[in-house]
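Below, each structure is written out as structure tokens.
In what comes next, chain A is part of two complexes: it sits with chain B in the first one and with chain C in the second one.
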Partner chain A sequence: MRPFTWLTPETTEEAVALLRAHGEGARVIAGGQTLLLAMKERLVGPSHLVSLARITDLAGITTEPDGALVVGAATTYAALTRAELPGWQRRLSEVAGDLADRPVRNRGTIGGALCAADPRFDMPAFAVGVDAELRISGAAGERALPAHEFLVDAGRTALGQDEILTAVVLPPLPTWDVVVFEKFRHRVFDAAIASAVCALRREDHGVPASLRITVAGATPTPTVVLVDAAADGAAAAESAVAAVRLDSSDEATRYRRELVHTLVRRVVDRAHAQQGSV
Partner chain B sequence: MQKVCLTVNGREVSAEIDERTLLLEFVRDVAGLTGTHNGCLEARCGCCVVEVDGDVVKSCNVLAVQVDGAEITTIEGLAPQRLAPVDQITTQSLAGVYRPVEAVRGTPEDLHPVQAAFHRCHAVQCGFCTPGMVMVLKDYLEENPEPTRDDVRRAIAGNLCRCTGYQHIVDAAMEAAAEMRGERVPDRPTHGSTDGA
Partner chain C sequence: MTETQARPTGVAPRLVGTSVPRKEDLALLTGTARFVDDIRLPGMVHARILRSDVAHARVRTVDTAPALEVPGVLDAMAGAELVGKVKPWGDLMQDLLVGDHFPFATDKVLYQGQELAAVVAETPHQAWDGCEAVRVELEELPAVVDPEEALSPTAPLIQEQILYEFGEGNVFDRYKVRVGDFAAAEAEAAVVVRQRFATNKQAGAALEPHGCVADYDSFTGVLTLYSSTQSIYMVRDVLADVLQIPRTKVRVLVPAVGAGFGSKAQIFAHEVIASLFSMRLGRPVKLMLPRADVFRAGTTRNAQVHYAELAMAADGTITGYRDYIVHNTGAMSVWGNQVVHIGTNVGMLPYAIPNVHVDSDIVHTTTAPGGPLRGFGIPQAIWVKEQLVDMAARELGLDPLAVRERNVIDPAEFPYRTPMGHVIDSTSIKRCLQTCADAIGWDAPRAPYEGKGLAVSMKYTSARHPSLDTDLSAVRLRLETDGTVTIYSSDVSHGQGHATMLAQIVADGLGVGIEKVSLAPPDSMTAPFGLGTYASRGAAVLGTACRLATQRLRDKVLAIAAHVLEVAPEDLDTGNDRVFVKGLPDTGIYLEIIAATAAYRTHQLPPGFEPTLEAVATYDTPTEREAPDGRGNLSVTYSGAAHAAHVRVDPDTGRITVLDYAMAHDTGTVINPLIVEGQHHGGFAMGLGMVLSEDYVYDEQGRLLNASFKDYLAVTATDVPELSKTVEIPAPSTMIPGGQKGAGESGTGPVPAAIGNAVFDATGIRFTTLPITPQRMLVALREKERRGVETLRYPDDMPDFRGPRQHTDWPSPVASDADLDLDFDWEDD
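For the complex of A and B:
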């Protein structure tokens, strides 16, 4: 690990000011679960680490008057797992409780996973899958981006050098009736090779009104697949495979393509089969 | 350099340390407690698990400066009486340590129920993974007193054991859970597993 200066601001404004003052070498650290691995390998060597740990309003979950769920960027997976959330928003707790391992879930944060923008991580897939909005604070002020615009490439986000992700906002409950998340990994502890999210909204008589399918893991950033709202699992799976363009014929790619097909078929069929707001 | 003050197993330990010091290094080299093991240094094996303010973490993937002011519990903290240093190994001190396996129970004077069950169920071979396994299982069983064998396997998903094949570790966890629920556990060591996995 290369030497660095340790900084512990108490407010987001202070943190942003520190990032600005120390320029390119300064880096945010939340739980450190991804960053410290990279620092130990000397893949990165920040000159200044700006810790979010003392900024209390970056952790925690609140509900807006319209039902949108505001999740602080520094909320740990363990806290998300314990949260009691309504309707489909509960998927967030389930996804958070079924990744990495107990000790890592106590430190890793939702914001850290999104900012790391690793294609294998679950939270980027989930955030794009439910069309979450990400709130950002920077020296130039506040802004918000849909998750799919925030994630620019594998390991790259739309964040500027002096910007901090402050919250992940899940849309209000009526946005979706059903959200289904599935991933594939060889062992419980492994990151996903591929994952898929299906968010479904129905009209009054239960007729599908909107179907949002997101595929992740197999592509540098989560890919939203455009399908007809009435598409069944088999049709959606074909569209997904075409959309992610895993064209090469080597074994690894063929395997991923197969996984994408299966996962999308499953999430869509499961979504159509579920009644009520789940 | 940065001043860091931690309470390790109830004892205050403070030192001026390099910012890069991992919590694992603080526990082993500054606090001098070598029960917490370094198996991989990359958050893979779980040998380094300790509690920070009651939550388990992989101490090789946390900086000591990140947890300044926190209460740390290590494997040594689970059985306080064993902290008394043995200066000279005598027949008496050995007799004190090596009591018949049947007699070992989880009591405050003895061992934590998870430690006692590991002993009875032969869940330890080389012992390198044991501190981390015990710390994670203690934390897990406090939250879920009635786990299935499958739950236990998921709870230790981040802990690698190269020796036991995990069967006896799961046996021990199930027996520890029973003892922690206040049930009587068998007097005889329960070798042999009930699941085929």
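For the complex of A and C:
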């Protein structure tokens, strides 16, 4: 680690102003579970760290009048795990409770995972999978982006240097009836080699109306796969494998292709098998 | 030896054999145990090593001058300035004329992570700043990662400076075994199975990284080194030799050690570097290795390639074993070549194979140094041999369990000498085998994608290393003036529970309460000379020394008591902190009184009695040196291990889950069942990592890609199944006076082979390389489905495999004198 200046703004506006004032050397820190590791190894050496810890409205979960769930970017995995969320939105708690290890979950945040944009992390996959919207504050004002537009490349987001991710907004409950998440990792605390999300909406009499499949881990950013709403697991898996374009013939790529197939088949079959809205 | 047998202890053992809770655990579990990194000495400064980021290169420039300009930096050094001043090391353990280890690379870098320079500063971060300022120019050379490529005449030469007695080029040593006549066995066999196998480069992955604090006293000239090591005298003797100072001027102390598994069983460059800085500055210097440095520059399990053949008669009798082993010791290695000797010799057990023909080329590659790691070559040998046994059994249509039952050593009389030369003093290996097979329901039908596998081994209990003609440990005991007892030993406990295990022996032998017995920290200034803790030697070898010392101390105590009580020593017994007349245990004289008498009431002592209440004993095992044909009884006794695995393979992800696992061991007389069971569980976990996930992954330039616990897939608690089927079937050693056998490595050896055999049973896929990752498992399953075959070998039958697929294409040992010619015929020359 190298010396740095620790800044503790109390409002988002103040944080943005600090980022603007200190330029390229300034980095936002929330839980620090990605940034601190990189700093410890001297892979990055920010001159200023702008902590979000004292900006109280960045942590916590609220529900909008339309049922959208607004999750503060600095909400820890541990807090998400404890939250009692309705319907399919509780998948967020389950995903947050089954990643990394307890020390990381106690400090790591949902916003941190999205800003790290690590293709193997679960939160980017989940956010894209349920078509979440990300709220951003910057010197130029507020804006919002769909999660899949926020994630530009492995390790790269659409955030400007003086912008802060403030919230992850899950769509209202009626958007989906069923959301299923699956991943494959070596050890229980490892990041996923591949993951898949299936978000299913049914019509009134239970016929599938919309099926959104997202594949992550195997590609630089989560990939949304277009399939027919009635597609079964096997068909969806074929579409997903074609969509992720893992064309190389080396063993690791072949394996990821197999995992994508397996995980997509599993999430889609599980989604169709679930009754009612869960 | 005769002395120990002639004098049984006075009271029946009370604590030996019981699960006394470990004295060590409270400090460890409450975080109060002190490790090297907890040491903070007045005026202490911090050093850091700059390591090469490339694997193989010529050193053009290492200029430390810019580092000296960095704020806080006190001193810096590199290799060139030490040449001629610091003696190379590594010769003692390898039988080399000149050592091949040096604190820094001088002319050439031989592996990524090798030391280039070091900087010492007021803080660790300033030392790091200093390292970044060192100016380095390297001319990169082609890396040699594959040990078989290292054998090619066109391969880049790695070690250019060292002349080896038995090797040339990248071969730095050779090994061979010639027992019986394999060719004859091959001709007569009902089946000969042949297969190429490869093993992986596994890390020690001790939780506590390597590190030390060196503290040179410029007035007395004594260099004190606190280090995380398994052996204080190996460090002291080599360090004094390297620095060319008397051994009385080097003191090595060891605080709590967070495990070693063999990876701390030698001196390392950082210990020399910290010492040099401390001597130059006259200040204490701490040098802790970051985790990445431990991965890159610590020692690893030696990876091997085997071209192995096993001959079997129609009834399942194993009649011969032939192997050509390419043994990868990395760029340099203090112990690496010994691994193939002991791993092969002892790895032939638990069978008495009459015809054994082994050649090994021990090669350098531009990878991290190989060395000892839990099992010392046994897990590699068992991985190969125990899969061949299954393959041969299946070819003959025999049950793998029945074949093993037929072959495991089960002689009518002990001691029994095998053709390889092992002297088996006792064993229960056959019952171990049957017990573990029963425990997992060997005969029950298998569900789809589920399979069961067996493997057996018998492992050394310490060993007389071919290059070191010694196998000793020592204990000194002191009865303190209040009746408590201090144990001094140089064999560092780094997870083996010596403070508990030795105290049990002393408590029983002296009749003193275990709470009154303490183990002093290992300190070369006070401890008797011993080799250290490795090779599962603690309970048997150190334990025997402790037993001998206890008896000697007891004799002194009885002599005083006999004089005071006016009875003969033979009429006395000890127990309950007292010496008493036999049959009257509630009377007697307290040890406290006897000890105080020897110190403060000396006129009450027997006439002419020397009042020292200390006793020292050294035990050197009655083992043999290795013969030129590879024969020899290298180990005093052998611990049996039979393992049975039940696995399930997920055909959609390739994940292998161990559903059930049974281990039956013969650890002889167990001093502390709790400790021994813990050793077996830990040993299993290391075996599980070896077979399913762990390996050093290098790119073509020789850069290690997984030098962190994030990327190196060490096994964690959730990966380990319930190990509720761990049983002991003791066959007490008759060579070791107390009956003990080594425990620490029994749990590792059979694991890869047992799981490999179970995976074959589940899938029809024979893995010939380690580890069996989900990726390899799944692509192999898909290839098998694509071809529509019943069985498949991975990687041998994969389309992209580039090695020899058939034994007719196998390479031969590069040595031209592959056949040993002991009767040298001058006239033909």
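By our rule, the second predicted complex is superposed on the first by the 278 of 278 C-alpha atoms of A that agree within 3 Å, B and C clash if a C-alpha of one lies under 4 Å from a C-alpha of the other, contacts with A are read in each partner's own complex, and residues count from 1 in each chain.
Keep in mind that, in the parts below, a contact is a pair of C-beta atoms (placed from the backbone, for glycine too) under 8 Å apart; a residue touches a chain by one contact, two chains touch by 3 or more.
Bear in mind the structure is a predicted one, so any value in this text is a computation, not a measurement.
Engineer: Tell me which partner A:R245 touches in the superposition: chain B (first), chain C (second), both or neither.
Structural biologist: Neither chain B nor chain C is touched by A:R245.
Engineer: Kindly classify A:T262 by the partners it touches after superposition: chain B alone (first), chain C alone (second), both, or neither?
Structural biologist: The answer is second: A:T262 touches chain C but not chain B.
Engineer: Which of the two partners, first being chain B and second being chain C, lies in contact with A:L36: first, second, both, or neither?
Structural biologist: Once the two structures are laid over each other on A, A:L36 reaches chain B alone.
Engineer: Tell me which partner A:A53 touches in the superposition: chain B (first), chain C (second), both or neither.
Structural biologist: first
Engineer: Looking at A:N106 after the superposition, I want to know if it touches chain B, chain C, both of them or none. Which is it: first, second, both, neither?
Structural biologist: first
Engineer: Scan A:V188 for contacts with chain B and chain C and give back first, second, both or neither.
Structural biologist: So A:V188 meets both chain B and chain C here.
Engineer: Once the structures are superposed on A, label A:R254 by its partner contacts, choosing first (chain B), second (chain C), both or neither.
Structural biologist: Touch partner of A:R254: chain C, not chain B.
Engineer: Now for A:W6: first (chain B), second (chain C), both, or neither, which partner does it touch?
Structural biologist: A:W6: touches chain B, not chain C.
Engineer: Between chain C and chain B, which one touches more residues of chain A when both complexes sit on the common chain A?
Structural biologist: The partner making contact with more of chain A's residues is B.
Engineer: Using the superposition described at the top, list the residues of chain A that contact chain B and also contact chain C.
Structural biologist: 1, 3, 187-189
Engineer: Given the complex with chain A, which residues does chain C contribute to the contact?
Structural biologist: The contact residues of chain C facing chain A are 125, 128, 292, 652-655, 693, 710, 713, 716, 718-719, 774-776, 778-779, 782, 800.
Engineer: Which bits of chain B are touching chain A when the two form their complex?
Structural biologist: Interface residues on the chain B side: 2, 18-20, 41-43, 46, 49, 52, 55-58, 61-63, 65-66, 136, 139-140, 153-155, 157-159.
Engineer: Along chain A, where are the residues that touch chain B in the complex?
Structural biologist: 1, 3-6, 29, 32-33, 36-37, 40, 49, 51, 53, 78, 100-104, 106-107, 187-189
Engineer: Mind listing the chain A positions that touch chain C in their complex?
Structural biologist: Touching chain C: residues 1-3, 41-42, 184, 186-190, 251-252, 254-255, 258-259, 262, 265-266 of chain A.
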